[in-house]
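Heads up, the next two complexes both have subunit A, just with different partners, subunit B and then subunit C.
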Partner chain A sequence: MTQLGAEVVVSNPTSKKTVNTGTVFADNELCLPVKVFYGHLMDLKERVDAIFVPRIVSVVKKEYTCPKFLGLPDMSRALEDDMPEIIDTTINMQEGWRQYMKSVLELGSRFSSSRMKVMGAYKNGVTALRDYHHHMLSGKTPIELLEKKNFSAQKPRLKVGIAGHPYNIYDQYISMNLIKRLKGMGVDVVTAEMIPDSVIELENSRLPKKLFWTYEKEVVGTVYHWANNKSVDGIIYVLSFACGPDSLVQVLLEHELRKNNNVPMMPLVIDEHSAEAGLITRVEAFVDMIGRKKESLVC
Partner chain B sequence: MLVASPRMGHVDILLGDLLERLGIEYMVPPKSSERTLALGSKHAPEFSCLPLKINIGNFIEALENGADTLIMAGGRGPCRFGYYAEVEKRILNEAGYEFEMVVVEPPSMGISKFLGPIKEASGKSSRKIIKALKESFPKAQAYDMLEKYVLQNRCYEVIPGSTTKAYKQAMDVLSNIKSTSEVEGYLREAISVVDEVDKDPSRDVLKIGIIGEFFILLEPFANFDIEEWLGSRGVYLERSVYVTDWIGPAGENPVGGASPSEIVELAKPYLSHAVGGEGLQSVGHTIHYARDGFDGVVHMFPFTCMPETIAKSILPRVARDIHIPIIHFTIDEQTGKAGIATRMEAFLDLLMSKKRARAGN
Partner chain C sequence: MSEEKINNIGYLGVDVGSVSTNLVILDIDNKVVASVYRRTQGQPIQAVQRGLEELKDKLEADINILGVGTTGSARYLTGVIVGADTVKNEITAHAVAASHVAPNVRTVLEIGGQDSKIILLNDGVVVDFAMNTVCAAGTGSFLDHQSARLGIPIDQFGGHALKAKEGAQIAGRCSVFAESDMVHKQQVGYALEEIIFGLCQALVRNYLNNLAKGKDILNPIVFQGGVAANSGMKRAFEEGLNMEIIIPDHFNVMGAIGSALLAKETMMLDDRPTNFKGFDASLIDYKTSSFGCNGCENSCEIIKIQVEDEVLAKWGGRCGKWEVDQIHAQHVYKV
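What follows is the complex of A and B.
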């Protein structure tokens, strides 16, 4: 969009204010990520002419993202009567590539009448995204990549996998700096992004019925992969309270881990009332336990 | 083989009819009760939706009573219901139950995934199964039409409870239907049974539309028998969803009335894309009811239900724009009847005073 001449404003990083505002505007029963999203909308509301809230229906054929993503633009419009225009480009891979490209061009045509220019900007965007994915496979977390930081653990004694949705794990406020905290405890952290898609697919093929939520497939594939090759000492599964898909996926994960009976997993349920002290206590206890388990195995 | 299914409204009658035609022995689990829900809540994940919990309770009670095969519908998302069967199977296995599970996927996922499991369970050919479906379906529709008629007429009854009593007799009449040609005759007879109830047509009734999630709307245990409760308080009811409209071939809603395409069109200014389940329909039907001059809308759905939570986030704006009062009920295992009754009474009072104020002007 910047290349096409639009001035792009990104909402401020999540803060207490974001969560509080979002919670005021949101319906009680909504999951934390949507409440946080509302907070970000309100942060932008007075500052922009339009807000880009794409309707991401599907990113893989025959699969969906999450129902909430399907309704997000309409929910955004319903927030207040004087919302700025919501640009709701629909991304639906169930309708195929041709339709996808049409959506991209339609979005681009708002900013530039030249198709060439739009395609050029699109290609540059895709290249940037690919580079980013590539870097993550090397073991860097998105926070480290985007903010050019390095939280590497000093002489890591343990390795913990963090499973869950990126918008929870990589939002430093929402996850209460979970990754940084773990690394500070001398724990090395791995996440889903460090596992190639082909491995995720392969692990998912063991399910009798294919999951129809792409982002849940990522969670399942990741945890199954860690559990089967025992590449981590423990797994922390971050999920938001009232998350629909995760409520069922949790069963698939726990079932598999109990069957293998060797990689401990701690579900960490977060909502707008989660407090830092509670999180730290639980994470510390978990790290102590997997540490003791590892020592006892060595002896 | 003794097959059992979860309970949901009168679905057991419809499924029983179909399975009988296919020569499969069928058992109806005990009526959903506090025990059913307690069993389900014990085994199901904490914030899974209520239908899953009741399903699991039904299955456990069926297995306790001797069922060895469980039948369940599948789905292709994005609503969680599509993955219920898979999760239920695991939960029950983990709890130590032994059984076979027949999962019937919707025909849109491939005809073999729809017919295959039924073929395997019944040993009948596809042709015979389709024939049984074709015979069973009009009968199922008759049950829905009768139900709709009861919802519209209970509000006029003179003796409390008389309509419910007649409804039970009328359902027995429908159970005589053996072939499609008999449907019309028996349905007329069933309706005349309901018509015999003493009515007071001059009564000042409120008109309310009920919208929301399918299971909650159809299962009286899950909705605290809200339809009977409202009807006996003089409320004329329409409901956004009926069993056969839901499972029937897409394109028409012969029982409910409004066609799906019309509903989608009505919802468009507020929700322009399907969000799974009945989320879009809840928004569309609300506008439809407002247009038909209804006094209010009751929205019911399970706690954490994704499609309906989306609808609930959008409906307040719809209500503001087109001036129709909506009351929302989020239901989970903690919900009590008294709480619903209190809120509903207040809602009815408000609607009535609003209606009288309008009439006075």
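What follows is the complex of A and C.
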């Protein structure tokens, strides 16, 4: 969009204000990420002419994203009477690549009448995204990539896999600095983004029935992968309170891990009331547990 | 080292929780030399200081403390007050203590003032644990509240529960509904014993359905924490699980025992002098205050602990910029 001449404004990192604002506007039944999303919309509202809220229906054929994602543009419009224009480009891979490219061109046509320019900008965007994925595959977390900092654990004694949706685990406010906290405790952290898609697909093929939520499929494939090749000492599964798909997947994972009975997993449920103290206690206890197990330190 | 000297050394463990503050001194053989259990009453610093005095009075001879550990929800604060060598979470502390009293323990049920935990061990190593999340239904403070409402001192609660033939059906999902259920059962004429035992059963049901959900509860089972004093709860657990429950002698100070054991472990590995400030730490006038940070939109509340003008510790900010020192288990506290 920048290349096509638009000034792009990104909402500020999540803060207490974001969550509080979002909670005020959100229906109580909604999950935490949607409440946070509302907070970000309100942060942008007075500063922009339009807000880009794509309607992401499906990113892989025969699969869907979270049901709430489909409704985000409509929910955004209904938030307040004087909302800025919501640009709701539909991304629906169910309808195939042709339709997808049509959506891209339609979005681009808002900023430029030249199809060439739009395609050029799109290609650059895709390249940048590929680079980003590539960096993550090499073991960098988005937090490190975006902050251009490397805060690797010094001589890590343990390796923990963090499973969960990127918008939960990489949001430093929502996850209460989980990644940095673990690294500060001398724990190396790995996430789903460091595992190639092909591995995730392969792990999922062991399920008796295919999961049709793409984002949950990523979580399942990741945890199965870690559990099977025992490449981590423990798994922390971050899930948001009131997330329907997460609650189902949690049970699926617990069943699998009990069968394997080797890699411990701790579910960490977060909501807007989550106090930091409770999270710290659990994370500390979990790291102690896997550490003592590894060193066979009998209590 | 002479015999006399060996007898005069020990490790101190301090567990400061929401409801109680516990202190324990273990001798070189891990035997409890002295212990203190007192109410925190919302004032952790005073509770620790008065606890130290009480502990000192209980000692028959002077003892040389070689290491100090703190645990519980006020573990960092207490760490600064007493000069801790190790600051550990209460789950690890309880697990360490349980496997010390029952070396082959497989399951630890722990119910404290505001939280409850289940810890599963195998060969002395924690393999799984769970802690209550957003709801404190079924913990000590709810029992406390009900004992006050019924006018029966909490230490007699268990005795009443044991007299009941059967428990009244009480909803244990939520403490608010449990209370209205209890009131209803009283109004329709159930005996008090049945209601009290029914409450114990409801709390056990809640515990087993929430924390223990999907976990293999294996023998031997140790039940500890303040609520283990309630024999009605022990009975309800035994009937609910159809298994025998062991309540250790020092069930209500197990966190402190674990903390002392962890202090011993740390000091054995580290080979350095203790940070213990001595029993006279009870005389120091610690002041705590809080202020809001305006650095960003998170408006974190920062806690400051000081003696006169010297700031000992600050914490509470999300970004960590206020921390005087990174507070860590291995951290050395100095006045």
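The rule is simple: the second predicted complex is superposed on the first by the 296 of 299 C-alpha atoms of A that agree within 3 Å, B and C clash if a C-alpha of one lies under 4 Å from a C-alpha of the other, contacts with A are read in each partner's own complex, and residues count from 1 in each chain.
Throughout what follows, a residue touches a chain if its C-beta (ideal position, glycine included) is under 8 Å from a C-beta of that chain, and two chains touch if they have at least 3 such contacts.
Because the structure is predicted, anything quoted here is derived from the model rather than measured.
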Look at where subunit B and subunit C land on subunit A after superposing the complexes, then choose clash or fit. fit
Check the residue A:P264 against both partner chains and state whether it touches subunit B (first), subunit C (second), both, or neither. second
Of subunit B and subunit C, which one contacts the greater number of residues in subunit A? B
By the touch definition at the top of the document, which applies to A:G71: first (subunit B), second (subunit C), both, or neither? first
With the C-alpha centre of subunit A at the apex, what angle separates the C-alpha centres of subunit B and subunit C, reported to the nearest 10°? 90
Considering only the touch criterion stated at the top, classify A:V57 as touching first (subunit B), second (subunit C), both, or neither. first
Please give the least Cα distance, whole angstrom, that subunit B and subunit C reach in the superposed model. 6
Taking the contacts subunit A makes with subunit B in one complex and with subunit C in the other, which residues are shared? 241, 258
Per the touch rule, the subunit A residues reaching subunit B in their complex are 26-30, 55, 57, 62-68, 70-71, 73-75, 77-78, 81, 88, 90, 207-209, 211-213, 241-245, 247-248, 250-252, 255, 258
Which residues of subunit B touch subunit A once you look at their complex with the stated criterion? 45-49, 52, 74, 76-80, 82-87, 90-91, 94, 103, 270-277, 279, 303-307, 309-310, 312-314, 316-317, 330
Spell out the residues on subunit C that touch subunit A in their complex, using ranges where they run on. 73, 88-92, 95-96, 98-100, 121, 123-129, 131, 133-134, 214, 265, 296-300, 318, 326
In the complex, go through subunit A and note every residue touching subunit C. 12, 15-18, 173, 176-177, 184, 241, 254, 258, 264, 269, 271, 273, 276-278, 280-282, 284-286, 288-289, 292-293, 296-299
